[in-house]
Structure formats: C-alpha cells, structure tokens
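Both complexes shown next keep chain A, but they swap its partner, so chain B is in the first and chain C is in the second.
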Partner chain A sequence: MKRITRKLLEGVAGVRAAAAFLLAALLLWQLVTSTGLVKFYVLPAPSTVLEAMARFRGELGEEALATLTVALAGFALGTVAAIAVAMTLTYSRLVRTAVYPLLLALRALPFIAIIPILVVLMGTGYEPRITICAISTFLTTLVNLMRGLRSADGEVEELMHTLNATGMQRLLKVRVYAARPYLLAALRISASSCVIEATVAEWITGDSGLGYLVQISGYTFQIGLMWAAIVVASALTLALVGVITLIEKVAMPWAPQAPGAGAAV
Partner chain B sequence: MADRRDREGIVVRDVTMTYERRGITTTAVDGCDLIVPKGSWASLLGPSGCGKSTLLKILADIVRPTSGIATMDELTPAEARAARIFALVSQQSVMLPWRRLAENVELGLEVAGVSRRERRARAREAIELVGLSGFEKAYPHELSGGMRQRGAIARALTLRPKFLLMDEPFGALDELTRERLNFELIQILEETGATLLLVTHSVSEAVILSDKVAVMSPRPGRIVHVASLPFGHHRTPELRDDPRFVAAERELRHALGSGGAPDAAAPPEPAAPDRALVAG
Partner chain C sequence: MRRVIPAALLLAAVLAGWELYVTLTGVSVLVVPPPSGIAAAIVENRADLVHQTLVTLAEASLGFLLGNLVAIVCAVAFTYSGLLRAGAYPLVLAMQAVPLVAIAPILVLWLGPGILSKVLLAAFLAYTVTLVNMVRGLASADAGTLELMHTLNASRWQQLTRVRFPAALPYLFTSLKLGASAAIVAAIAAEYIGALEGLGYLIHDTRARLDNEYLWAAVATAAVIGLAAFGLVVLAERWAMPWRREAVEET
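Up next is the complex of A and B:
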C-alpha cells in the first residue's frame, strides 16, 4: 500500500498543473459567455451549469445512479462472460475454430444500432440497456483476453515444459498473469464505453438515467441542466476509469508503471 | 558392469535432425555422437547456426530428433524430463516478471509439488550459492542481466539436477561478468557434482568450463573435433595463465577455423521447429 500512496503523491504534482489549466479554460469560457457574444443556448456560462448542478442535484444524483447501475451491471456481466468464454476457447480447439471467427465478426456490429431491437425484445426498462453494455464489454474483453492468454512467450513455455508442468499449472502460474495487463486494458476501455452506451440507450428507452435527462432538458430548453447532466456523465466515466487504474496498481505490483499493453479496441 | 557405466551420463548416438521449411530440407544436426561421462563437464563449441543448440534442445525434450538416440542415465529425454533429472538454463534468463526473485527460484519446486517449507529452504540455499542473498524480494526488472542469470541458475539448482544443460547461459553478459560467473559456476558444479553440457561460442569459456570440448561445424551440423582437457575440477582464474590453457585455446580455434565458416557469415540458427513439442 505504501507504494500506491507514493504513486498517488507523485501524481499530485501533475494534477496541480492540469487543475491550473482547467481553471484558466473555465475563466476564459466564463468571460466569452458573459460578454453576450455567444448565445446561452449555444454555450451556457460555466456559472449557469454550476447553478443548474446545485439546483437539480437531487435529480442529477438519481439519474446518475440509474446510469451507473446500468453501466456497472453490464460491465460486470460482460466481463464475467468474457473470462468464462476466453478460458473455454483457449482450451478447446474445436470450440475456438467454430465460434471465435463469428465472435470476431460480431465486433463489426454498430452496437448502438441494435438498441431499438433490444427495446422491442425486452421493453424500456433496465434490461436492454444492461444488455447492450454487457455485449460490448464482452466482445472487447474477450478479444483482449484471448490475446493475453496466449501472450506468454516461447521461452517461458519452454521453461514450463522442461519443468514438466501440467496444463493447469501453466494456466495458473503463467497465463493468468501474462493475461492480466490485457484484461485490465480491456476493462479500462469497457468502463468508459459502458457509460456511453448506457447514456445512448437511455435516449432511446427514455425512462431514466443521465441520457434521458439530457434529452428531456433539451426538449424543455433547460440548457444549464442539459450541460450539467453531461458534466456528471463525464465525471462518472472518469471515476470508473480511476477505479480501474487503482485496481491495475493493486493487481500488477510487478509492473514498473501501468503499461498500456496491447489493447485492441 | 563396465558396460553399464558406459551408458550412464549423457549419451548421444548418431543423432540427426532435419526439417523442411518452404520445401527446403535443412539438416541442423548430422550424425552426431557424444558421450559425457557422469559428473564430467562438456561443451559444444561452434559458430551460430551449427546446430549445437538443437542438440541441447533434443536432450531437453524440446525437439525430437529425426533419427538417433539421446539418453541421460539411460533415460530418453522425455523420461528424463518426467523424472526431473535435468535442468535447462537458456541464454535469455527466463524469469516470470510477476514473481519476485525467490518466487522465481522456487518455481521448479512448486511445479514439482514440493512442500512450501522445503521450497523456502532450498530456494534460500540456492540463492545463497549464486550470491544473490538480500535480493529475494526484488522483481526481475529490478535486477541486472547478470543477477537474473544467476537467478535462473539458482532455479535450476533447486531441483538438484543430475544434468545441467546450459544454452549460452552467459552469452548476453559483458565479458567481465561472464568470466566471474564462469568461475562461480565451477564452484557450484564442484559442490553439486552435476554433469554439465554447455553450449557456447566462446572458446575460452569452453576451455574454462570443460573436461571435453566438442567442436561443431555448420550446415550440416557435425562434430568435427573433440578435445580432452586435463585441468581437473578445481579451477581458479589463474588457470588462464597456464600454458596448457593457451595451447587448448589454440587447438580449438584451429579446429573451428578449419571446420566451418566464420561466425559473422553464419545465418541465425533456424528456429522454426524448436517449439514443436511445446506448443499446444
């Protein structure tokens, strides 16, 4: 844990510079908008957005919770399924040759386009939204894990071979570790794409969530609230990615620094 | 009984290894014979691409020869691997990056199902023997190349192998480190009594570490000369000043020169079938 604390402290210096830049950008934004040169519905002032955030904090919190629930549920389901399927595909050549090309082809699917189909199938509740998040997480994670599980290099395989290791020992002592950077890279991508997909699905299902709030506030011309919802959605994504980064540091203490290892998007 | 003793140690009889790639048949090893008596030290010396590594990989059960017999104490490579009587140390010190040094050293014992207590004790002993005490908790990326190679040797030693198969174990190290490790290895071999088969392209390393040096020539890989060295097993760095050492070096250089192409002109060792038994 000491190591992690130190890393966090090292990060603080960088955070300071970034915060200074952000503050400057916000000030400029405020200046431009308060001169009246830009119409408020084109670009509301940061103060307007902040005001909306404060006034509608109850609604924002509620809808953020709905979006978070969808994103996390889909993320978890997709990840668990990807791990199970990746193991099966790794150990069964027959299943791999039969199924994997199909799964790869599925990645070409524009996920967002199938949300209406899911709505027809499942209604407008959480189910279609969780499903779409789960499908995209599943495919991203599966592809990366398949790569990761086979990433142990030939020399390590040779070593395990001469040590007379069983297949199970190779899996547990080598592959599971070699796959970890790939898995975490996939989780990082999935965490942010889940929030995007949840939000888009909420536009379509139109019943709850930040995406729904963006849409409704647009219709009712509450531009401040609209922007506030977007800010909260971004914060949600950042928080999720932050959690993954933290997990990365705990799960891979051997890594000199977090590697962006071979992520396939 | 004399006959039985002849079959102990490493016996390579008429081993040939050919393979095809893009329709071209390459002979990596051609009719090689080699006997390394139990407890003695031998080197395969030759330029890159002469098949010396292939011969070692045949003994380590990583590739199977096209024809011929290779045994260690009368066991085939596959049987020897199952009985865990040999250990392989390769040029790139193979370490699992997610394991600390001590955990890497324990790997072989762990795979063999040795109890945690015994593992600890034997790993500590091996780490001490290679002079890495104090670095048990370091990750491989925190160690130098020489230290990692010592770690790989320590891992091999924990298994108390009767046969130590080393494939250019010090090839990636600088000259000074290499020489120091040569003499450290001699001490370790003296203590453990293991039989050594070393693959190297360094003439002086072959002389320092061998009772017998087999010189190989490339395409096809053949043993063209065998030199016996009279230095016994108690060797110190002063050995290099011994006139017999210098003479042995000259003899081997000459054998290399007449046997095959110079090192620089040789193509890299063919790697295609090397992992044939490992994959899958």
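Up next is the complex of A and C:
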C-alpha cells in the first residue's frame, strides 16, 4: 500500500507543472470565448461545456457506459485470444512461419476501414463494435507477446534445461516471466485504442455510445454537448490507461519504461 | 523472400476457400461477396477507385509530413529548454492517451468537408507519436560522446546533428512506422464524419448503396495502401540505417 502511495505522489509532483500550464490554457480559453472574440460554435467556453455536462449527465453516463462495455468486452476477448495464439505460435514452428508474417502485415492495416463490413455482417448492435475492438487488441497484444516470449534470457533457458525442467515449466517460469512487461505495454496501448475503435464504430452504427452522441449532437448543433461527449471519451481513455499504468508500476517497479511497440490507433 | 512463401501460400488458400465457400453455399453477395466479385468490382470501377485512393493518400501524406516536421522541431525545443519540457511535455504525454480520432467531428465542423480537416487530424496523430519518441531518442544520445563534443568545443548545432540525431534515428523510425498507418486511419476516420471524396467516403457510400462488392473492393484498397505506407517506411529505415538491418527484420 505504501508503495502505491509513493508512486502516486511521484506522479503528482510531475503533474504539477502540467496542471499549471493546463489551468492557464483553460483561463485563456474562457477569456477569449466569453468575450465573444471566438464564436461559441467554433469553440464553446469551458463553462458551456461544463454546463452541458451537468445538464446531460444522464445521457452522458448512459452512452459512456455503452462505450465502456464495448471497449472492455473487446479488450478482454482480444487479450485472451492473443495469449492463447501466442502460446500456440511459440510451440509450433510450422504454424508460426505460415501465420506470423500475415499477422504482422494485418497489424499495419487501417482497422477502422473494415467496420462498415462488420456492420453489414452483424448489424448495428454491440457485435460489430466489440469485434473491431477485439481484433485490434488481439493483433497488438499478440505481436508484443511474441516479442516478449522470445526475449527470455537464453542462459536461464539453458539452466532450466540442465535442471531437467519440463516444457511447461520453462514456458511458465522463464518465458512468461520475461514477457510480462511486453504484455502490460500492449494492454496499455490496447486500452486506449479500444475506446477509439469503439467511438469510431459508434459513428457508423449510430445506435448508442459516446461516438453516437458526438455525432448527433454535432448534427443538431448542440456544440456544448458535443464537446462534453468528447471530453468524457477522453477521460474514459485516460482512466483506463491510468489503471494499467498503475498495475505496471506496482507489478514491476524495476521497469521504468516498459518496452514494446506501440500503436497510435 | 523464403519467409514470405508460407504466408503467401496460406493467403492463397484462404482466398480459394472463400471463393469455394461462396460458390457452394450460394450465400448472397449482399452478405459475403466472392473474391472474384470483388476483383470484378475493382476492374469495373478502377478510375473512380484510383481517384478516391489518391485523395485519401494526399490527405494522409500531407498530414504525416506536417505532423512529423512539427514534432521533430518541438522535440529539439524540448531537449534544449527545461522550462518548455516541464510545462508542456506532461500535457503531450496526456494528449497521447486522448482518443484523438474522437476530435474528428470538431475538425470537420471547423474546417468543413474538404481535405483540410483530414490533413489536420492525420498531422495530430503523427505529431503525438513522433514527439514522444523523438524526445526519448534525442535524450538517448551517449553521454560520453556528448561530453567529448563539449570538450572539443562543438556548437549546439553540431552536437544536435552529429550526436543526437543519429542516436534518435531508431526511435524516429519506430514512430514513423506507427504514424504511417495512423495517418491513413485518421484520413479515413475523418472522411466517415464528413467528406465529398476519398476512400472513407467511398466505404461509407457503398455501404449505404448496398453495393457490397464495391464496398469490399474499397476496404481491400484501404488495406493495400496501409500496408504499402508501412512498407515504404520500412524501406526508408533500411536505407537510412543500414547497420540495423538485422534488427529491422524483427519488427
């Protein structure tokens, strides 16, 4: 518990300068908008956005819950699938040589392009949205896990062999151990991309969720609500990433910066 | 090359199985079109498809260039100014976690359905990724070498171009690879919100018109340009850092 508190405090100290900067920016923003220098539909005042948040808190909460459900369901499915496939690929050379290059190539694809196809196949409900989140989580996590499993120290592996360890023991005690930072880095990236994929999918399905709310409030010119929905979506992402970063820091205090490839989206 | 053959065989098998499945089950084109139908749609609409692809490519590459240039300049400023770094860098890190694609509706509202909103979104995405990586890369320069440069009375510019930039190259290319796909994603996402042309518009439009074969053709094209952009950056990486070819293979 003490360790967690210290980590939190360290974070707070680093955040102070940024908070001052942010506060100055918000004040300036409020100033230019409330004096009418910038029109409200171009940039609504922070107070307008806050007002919309208070007034539409019911709707915002409901749609945020929908987005969170989609993102977390896709995240869980994708992670479980990635772990299962990574184990298989590590142990079968044949499958690995055939499948892995394809998976690497898939990762460079613009996933959001296939959302409309998923909608054609699955309808406008939760299914296509969860599927797209699962696919992007799966590929990011799989690639990072493969790197992590391979990053195991060769000498430790040899030692385990000398000690007559079984394949399962080698996997669990050496490779999985080495892969942990890579896995957590992938989870951090996937958490934020899941919210993005969910939001974009909601633009297209137009059924529920924060993305849907952003779109209809834009169409109906409720600019305050539109900004409020975007702010809530961002807060949701930050919270998810924050939780995973905290797990990272508590589980592996020795790793200052987790390795692994990122994904911008 | 040898590494590609098993994957290519698998891909061919998947396509053949897909074609066979559609022919045998007689599933409607409105659900799953056969690969041959998609190929036919590509040939039939080639002029339109090329035009829409070029629009998306132009948006993505302009945004990619703009975002990366600004990011590199900012990274240098952050490296040399402690004040800027303390105040702005945590915000940049936070911005990285914000779902930037979600601001696409705001950009379209501001800049209209033209190309500019897409360029800007692509630039934003490329900017955040590259900035964070470049700051790390510039800081990764060997301290001993920097000290030696200092002893030799090297100017800051020399220090930057001879020591820090070469050290940052691997970091830069990591972010360029991510940014290349991200820029295309950004362009397509902003086109979904509001556009008159481009692949995202085409995908949205063909779905609305239930032109399923053309929809799949457009999605396949998006996939191809995503891969091509990534491949191009990998090639540039090999050219810029020939000493790291082995490492590049792995990524």
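Here is the rule we use: the second predicted complex is superposed on the first by the 251 of 265 C-alpha atoms of A that agree within 3 Å, B and C clash if a C-alpha of one lies under 4 Å from a C-alpha of the other, contacts with A are read in each partner's own complex, and residues count from 1 in each chain.
Going forward, a contact is a pair of C-beta atoms (placed from the backbone, for glycine too) under 8 Å apart; a residue touches a chain by one contact, two chains touch by 3 or more.
Here the structure is a predicted model, which means the values were calculated and not measured.
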Larger contact residue set on chain A - chain B or chain C: C
Which partner does A:Met226 contact after superposing on A: first (chain B), second (chain C), both, neither? second
Look at A:Glu157 in the shared chain and tell me whether it touches chain B only, chain C only, both, or neither; answer first, second, both or neither. first
Could you say whether A:Leu37 touches chain B, chain C, both of them, or neither, answering first, second, both or neither? neither
What is the contact status of A:Val174 with respect to chain B (first) and chain C (second): first, second, both, or neither? first
Chain B and chain C footprints on chain A, overlapping residues: none
Sites on chain A touched by chain B in the complex: 93, 154-165, 169, 173-174, 177, 180, 252, 254, 256
Residues of chain A that touch chain C when the two form their complex: 14-15, 17-18, 20-22, 41-42, 97-102, 105, 108-114, 116-117, 119-121, 147, 192, 195-196, 199-200, 203-204, 210-211, 214-215, 218, 223, 226-227, 230, 233-234, 237-238, 241, 261-265
Using the touch definition from the top, list the residues of chain C that touch chain A in their complex. 3-4, 6-7, 9-11, 30-32, 86-91, 94, 97-103, 105-106, 109-110, 125-126, 128-129, 174, 178-182, 184-186, 188-189, 192-193, 199-200, 203-204, 207, 212, 215-216, 218-219, 222-223, 226-227, 229-231, 250-251
In the complex, chain B touches chain A at residues 60-62, 81-82, 84, 86-88, 90, 92, 94, 96-99, 107-108, 110-112, 139, 141, 274-275, 277-280
